[in-house]
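Per-chain numbering from 1; labels A, B, C, D and E assigned in written order.
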Amino acid sequence: MNTGLDHWIVTLVTFIPLAGGLLLLVFPRRDRDLRLFALVVSSLDFLLSLHLPAYFEHQPYAGQPGGLVGARVFQYELNLPWIRIPNIHYHVGVDGISAWLVLLTTFLTPLCVLISWKSIAARVKEFFVLLLVLETALIGVFVSLDLFLFYFFWEATLIPMALLIGMYGHGRRVYAALKFFLYTMIASAFMLAAILWLYAKTGTFDFVQIQSAIRNGQVENLTVAAPWLFLGFFVAFAVKVPLFPVHTWLPDAHVEAPTAGSVLLAGVLLKMGTYGMLRFNLGLFPEEARRNASWVMVLALISIIYGALVAMVQPNLKRLIAYSSISHLGLVVLGIFSFTALGLDGAIFQMLAHGISTGALFMLAGILFERRHTYEISEFGGLATPMPIYASFFLFIVLSSLGLPLLNGFVGEFLVLSGAFRDRAVYGILGATGVIWSACYLLWMYQRVFLGKVVHTINDSLPDLSLRERAALWPPAVLAVLMGVVPLVWLKVIDTAVQAALLPLSQIATKGTMP
Amino acid sequence: MVPLSCYLVLSGILFACGVAGFLIKRNIITIFMSIELMLNGANLSFVAFAAQWKALSGQIFVFFVMVVAAAEAAVGLAIIIAVFRTRETLNVDRVNLLKL
Amino acid sequence: MNGSLAMVPQGVEYIRLLPEIVLSLFGMVIMIADPLLKERRPRTLGAVALLGALLALAATWVQAQYPGFAFWNMVRVDAFSVFFHFVIVGVTAVVILTSFEYMEVEGLRAGEYYGLILFGTVGTSLMSSAVELVLIFLALEISSIATYILAGFRRRAAISSEASLKYFLLGSFATAFFLYGVALMFGATGSTSIQVIGDVLSSFEVPPLAYAGIALMFVGLAFKVAAAPFHIWTPDVYEGAPAPVVGFMSTAPKAAVFAVLLRLMFEAHAPGRIGLIWVVAALSMTLGNLGALVQSNVKRLLAYSSIAHAGYLLVAFAAVPDSGIPAAMFYAASYAAMNVGAFAVVSHFSNAGESYVKLEDYSGLGSSSPLLAAILTVFLLSLIGIPITGGFIAKFYVFSAALQSNMVGLVILGVLNSAVAAYYYLRLIVVMYMREPREEVPVSAVPAGMGVAMALSLAATIYLGVLPGRVLDYAGRAVAEWTR
Amino acid sequence: MLHLLLFLVFGLGCVAGAVNLLAQRHPIDSALSLVVVMGSLAGEYLLLGAEFVAAIQVIVYAGAIMVLFVLVIMLLNAGEEERTRGSRVALLLGVPGVLIGSALVVWLIVARSPTQAVAAGALPGAPETIAWLLFHEYLLPFEVTSILVLIAIMGAVVLASHPAMVRSTKREG
Amino acid sequence: MTPNFHLWLIPLLPLVGAAINGLFGRRFGRKLAASVGLTFSGAACAQGLWVALEFSSLGTGLYRESLAVWIHAGDLHVDFAFYLDQLSLIMLLIVSGVGFLIHIYSVGYMGKEAGLYRFFSYLNLFLFFMLTLVLASNYLLMFVGWEGVGLASYLLIGFWFTKDQAASAGKKAFIANRIGDFGFLIGLFLLIKHFGSLDFESLFASIQLRSPETQGAGLLTSIALLLMVGACGKSAQIPLYVWLPDAMEGPTPVSALIHAATMVTAGIYMIARSHLIFDRAPVAGMTVAILGTLTAFFAATIAIVQTDIKKVLAYSTISQLGYMFLACGVAAYTAGIFHLMTHAFFKGLLFLAAGAVMHATGGEQDMRAMGGLRTKIPWTFWTMTMATFAIAGIPPLAGFFSKDEILWQAYASARGSWLYWLLGVITASMTSFYMFRLWFLTFFGEYRGGRAQAHLPAQPAGPGGQAGSHNLPRVSSEHGGIHESPKVMLVPMVILAVLSVVGGWVSYHHTFENFLSPVFRGAGAASAVETRPSSSAGESPLEESGERETLFTTLSVAAAAFGFFLAWLLYHRRPELPKSIAHEILGLYHTVLHKYYVDELYAILFVNPLLKGSAKLLWRGIDQNVIDAGLDASAHATRRLSDTMRHMQSGNLRSYAGWMSLGAAAVIAYMVWTGIP
């Protein structure tokens, strides 16, 4: 640690894309340069962000008895006063959880640029500006340790995403964009209320301080408010995840969104929800989380099975993938609320894995769309013959997403399920059925799209992957293998944070306040 | 010797009449008159209270109110004329282009 | 009570009145210059008016150095009044800038226009520093009458004169209520000076008449700030009045009246505040947003939104003084910034005879003139309350203030309202970016004055959104002075 | 006793005038009844000892303002107002509102306000005292009224002047 | 000192081969691709043999090498570690050996394929996973191989992906396996939850401390049952066997390697590997035995009436796997593994031979269109004969020993019962019947393949597998008549033939048993706890069981002979008979011919309801008609509300005043109410 830029690295990583976007604004309207510049900026940001895990101290202050372990876990912290009243700080920093999510974001964005190289022909400048702004906002969500800052970025992600969907989407894009925006906006209103309440009681927005204040019981009539606060946060996050009853915005948003939009939406945006649950619902209200775990897990299970079943019968490729990610993220929530080290580790790992594989899936779908301008599965069939490389890439990603061992999907899935099982056997069992479902819908989809004879003659002449597309697809593929074979690289860092997050829970458990 | 409240009640009645006039009269000018009525009601209570508190500021207030009333009258009647020019009517119920 | 008994006011007392003096001087200059000048008058007069406004700003800065009472405690200059002076005069300057183009296009009588704006500003700014109900009443009347006239300035257009008629009649109706309230208050306390009233009302035994007095005064003021259920004039008037005028009257007088309300509620310790504010705020937010949902005319839509925003602002009134007042002040400032900007765009886009004010007319603005669309988008986002804009911080601050005094229900309501409100602002954004442009709608280039105006309000909005610290601090100081 | 009598006479005059204003269909009649109201109000003022106020009440109000009204009525030769059913709200909600509101206020005044009797001419508001006040404590408001009047004049000019005869600008709004 | 075997290399070599072929194969020529495949599988095989030779030098008979930590989360710790004992050694030899042979065979068989590189990379991939499965030293790594072989079989079955049946068959196989794996997973979760580890050594160490759960329901029982579910999936036992027959859509070498010799036996291996658990869970053991017996019997009945040569073999495989299950169920693991080995030899051979036959007849699979091939393809005939006699259990061939062993144990072992035995014997006779039926139909009588020749030219000459129902596209289009297979195919067949002749002799004087005894030592100990009444009858069990064994042996041989006789009678002596019999019992015949309509049953019970339900109820129903509709409705309601509300804005001034005065009244009322105490 303590390389020179340790305090500023997070800030840099966060705002470089924004700076790039602003520069783009003044760029001449020559599309090639714009694309190139965007690519350069985002890749640069990715390289820079590699610093985070590279110099990350595992077990930074291990052996600290009790207290606010959550606080000391954060690294690369930077804490500057921003607004005096209300007492708002620019407080950023990462722990084992957020570091990887940041990396995921910076990793996916260049791919998004690559994948939308051709598909975005009109209003190119706006597109890439929006993309970069979105990246900044996303990273900001993960790094901010000040609740105000967090909410700030949280809301800031809405606009570019909605615009991306609305401006560059297809079909009922406006409907989708509005639905997405309002769904999230209304939900996060509750979170805002909760945050404000916390500020009113603690006089600070600083996550760490609030956390310690709560743990040391310095917040008056918290016991009354805690359930509502928990709910306030939870609703906002549940919509983002999305959990079962409030998931309907996702399929529409995905189907209409441009490829890059879908990639970031599925790859990162949804993770905001699970990340939030982890950081706030668990971090701030462990007891409440414990108390509500049972029904939350039930919701998660419903999403797992429901999402999978609905995915199975989707006639539309993207819709199918969208529902599949509902199912996968249900798994993540299941892991989070299992309150076992296994479950949490798995959940976080699953977030990353899902980001990679589903991101790649959406890229693949987008590639197909570029060629045929439809997502209807019935329009395809036998594609393996005209485009074998594409088919093998697709198969590979499908396998990784249905959790084949030695690929990224498996580790997270396994850990989550065993964690859930350890917490309550029936949850583990029901969740494990997801293993079967995912195989069913993914393989069936694969068969309908790629296997058999070519039915529509137009598909006979589809060109196989271009070099650029391959360049966009190789990284996730390689990463999928790496994450499957050497998950330790990730788990080591994650485990640190998870242990810290679990500490208060274990204390509760020992205190015996849990039901 | 008249109890002060009598004056106040009277002012209240005048004010109420003014409001009622605003509500039920159709002719714009008459409505404007009822506003003047309201002002007068207010004035009366000013003077009455001035007498109660032995404070002349109340009476001075009335003076300023009259100035304001005059100014309002000038502007208001001008507006009414302008409206009449465009609309050829003085019936408020007919002046409803802007709605919903 | 410095210098209250002196036979003649000293110079410093004039300084404490400097901005008003400057403004009225320039107003007169314009009135005199109007007949003398021959051609290119509108611009020249506009320039003069602008100069006046800027000088007034400077004067405000000077004035800020000499806080205190003036003219036998008629006027009190403190951080509070200075804050509002800056807001009001600044808005005036921007509005004058926006009016350049409008005057040309609509061919209105520039002389009276600018004169009225300046004189109106005198009253408006005086409201924020007056601490004597007589003066407040007069100032209120000045600004109101000025706006009545301005509202009807497009006399050719029937809707314009109708707007001014409605505004005028209802306005004087409300004024009468206010006046009667003042009378009752005078009867209850025996004085018309805020301080004295405050002393009486803060004593443990409040005279019953005072309640009626507060009620009636509140009715009058609530009308001016367009708070439900006294908001009902707003949509009609805003739709009918000339766009720049709406920009002016929806911000400056509103801010001033809020200042008066603040003085009344907090400096005069009006009793029975909480419940009243609670209901009125809730009503305003809800009715405003509900009404806006289905509007197709942008000016009207913004009118409804301004009702809703009055509601949000009133939420701060329900909070404890030392967090509520700064919140309200900040909200007034940021709302002024974004709303003036929005109306600047609207008035530029609306073109000759305000022909293009429908929602559909904005379709495809995002591609036909990206910059204009982007600017308007920023203002709309600020109105929604999206981060990095003043609107966001303002809402945030107001709600947190309310929460600090345990107004949980009200806050929840407000937060939900603002979430729902997002819908109709978004409709406009959607139309701009996600529809195809209509060729029949001309998009003229933005002239210099208008450009500057937009840039200024944009800058203000963003500044308040990113670095609100200084402004908030200043607002905080105002409260400190009061409580001292 | 006489005091009370006078009060009642003027008071009745006021109320009668007010009610008549509402009752009359023709604006002129309303205007005249308004004059009655103002006249008798002046009487009440005298009873309260506010001579100055009474004077300007007669001069400004009953004189200037009402004349203006009548002038406009003539100018626009407004006739009988027709009975249009423009607004049910005004009658169904407004009027009850007025009644409740005024009833409350009156009740408040009668029941909960210092109601000591005042002698005739209780507080002599002699012009010179008023004037002294106007030029000291109330200097600023007094000056400010000038702006108010200025605005009124401008407004009248702008709004009332006939579009045709104003050729000051290219196109007339 | 223990030698370093570098076990990790064994699976890795094929993986490298797979990678090379997979990534660059499309640029290779056929020869290069094939040689790459052969080299790496061969290398793996060679190292396997070397390890086997060196194995004796291990004193302990145990060898473990840990490569690296794979997963470390919370308290769960899983290594990339390999484990070698007698059991895994045998499996290693079978897998790498047979695998290599079949690689060779494929060179000849698939030689003309366009996607040869794909084929070989898949095959190598399979070897990698299978070897991982066999050598893994913990359940999770085993699971890796477990899932992996599933994948490989998916890929290989669907090798001719343009054929819809092939694609569906692959999918079916994978999903059926997944269902099994589901059970396996839950089993693992239980292990983690209660033992905190998945490593064989530590796990079994802690399990050994537990006493058997005589009264059924218990932790170990449930674990064992769950593992069994996994095994059922892999080893195609009731109720999950349905995928195996369809899997015959794949190229014949694949069927030989994966669906006969190696992959399908993974289940048996897994049970044997976790015998400590099963020993302590008699109920689970009994379930395994019953399932095995039923499957064996049931599959055999189906095999009798099949006419597709590969289908017959497929069902026979299921049936044989049933035997092995039975063996494991009665804790006779040695016998199970023994049969596993011999079966690998002869069943692999049978498939290869069948492949050769099809090769000869231009891709014909229907036995009714064969016949009289004896003279035309002697090599194939003779090797096939060996295999047939072996599987039929005719002494002294391999099959005889192993099957006999199982039957004996089914009766004699502590958990055995005469019922198992009876069904087993009946199955044995059926086995020999349908095998000889196949034999006779294929090689005797006169050639009935005119029809086949007739529609040969009708085959489209697209890339691999365009050939409709035919597995073998090009072959016949090049050389018309029936012909012997090339050497490269015959050599492996011959080797396997030899093995299936002599393979049984390893059990002479219990050598095989003794060799495996260190692994299954626990088994005896555990089952010794319970004693069966029969054996507790006075006289010493040893010679008593001795003469009993001979009796049983004769019986089973007789059964085999009976089967042979029947087949000879029906399909050689009086070939018209079968039809008439079929007509006699038409209903039954059809039921059996359609495999008891199990697939259809599953479709009605599970597949369709699931699809329809999720489409109609969940998606259209809940998603669109409840949630979204609800949202839209609320939005609509809001709009209507606002639409009504704006009628407050009637545009009439007096109404406005009305509203205002009402509001004023309200405000006054409120204030007065608050003000007056």
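Here is the rule we go by: contacts are C-beta pairs under 8 Å (C-beta built on N, C-alpha and C of every residue); 3 or more make two chains touch, one makes a residue touch a chain.
From a predicted model like this one, the values you see are computed outputs, not experimental measurements.
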item: Chains in simultaneous contact with chain C and chain D; value: B, E
item: Taking each chain's C-alpha mean as its centre, the one farthest from chain B; value: E
item: Chain with minimal offset from the mean of all protein Cα atoms; value: A
item: By number of C-beta contact pairs, the top two chains; value: B-D
item: From chain C, the most remote chain by mean C-alpha position; value: E
item: Chain centre separation in whole Å, for chain E relative to chain B (CA means); value: 98
item: Chain A and chain B: spacing of chain centres that average the CA atoms, whole Å; value: 65
item: For chain B paired with chain D, centre-to-centre distance based on mean C-alpha positions, whole Å; value: 5
item: Geometric centre distance via CA averages, chain E-chain D, whole Å; value: 102
item: Junction residues of chain E - those touching two or more other chains; value: 646, 649-654, 657-664, 666, 668, 672, 676
item: Where chain D touches two or more other chains, by residue; value: 86-87, 90-91, 94-95, 98, 101, 104-105, 108-109, 112-113, 137-138, 141, 145, 148, 151-152, 155, 158-159, 163
item: Numbers and ranges of chain C residues touching at least 2 other chains; value: 134, 138, 141, 145, 148-149, 152, 155-157, 161, 164-166, 169, 173, 177, 184, 187, 208, 211-212, 235-236, 420
item: Those chain pairs that satisfy the touch definition; value: A-C, A-E, B-C, B-D, B-E, C-D, C-E, D-E
item: Chain A residues touching chain C - in the complex, by the definition given at the top; value: 82-86, 123, 126, 148, 151-153, 155-156, 158-159, 162-163, 166-167, 173-174, 177-178, 181-182, 185-186, 188-190, 192-193, 196-197, 199-200
item: Of chain D, residues touching chain B in the complex; value: 3-4, 7, 11, 14-15, 18-19, 21-22, 27, 30-31, 34, 37-38, 41, 44-45, 47-50, 52-53, 56-57, 60-61, 64-65, 68-69, 72-73, 75-76, 78, 81-87, 90-91, 94-95, 98-99, 101-102, 105-106, 109-110, 113-119, 122-123, 125, 129-130, 133-134, 137-138, 141, 145, 148-149, 151-153, 155-156, 158-160, 162-163
item: Complex contacts: residues of chain A adjacent to chain E; value: 245-246, 248, 251, 306, 309-310, 312-314, 340-342, 345-346, 382, 384-385, 388, 392, 399, 404-406, 410-411, 414-415, 417-419, 421-422, 425, 428-429, 432-433, 435-436, 439-440, 443-444, 447, 450-453, 485, 487-488, 491-492, 495, 498
item: Contact footprint of chain B on chain E as seen in their complex; value: 646-647, 649-654, 657-658, 661
item: Partner chain E, residues of chain C touching it in the complex; value: 165-166, 169-170, 173-174, 177, 206, 208, 210-212, 214-216, 218-219, 223, 228-230, 232-233, 235-236, 271-272, 275-276, 279, 287, 290-295, 420
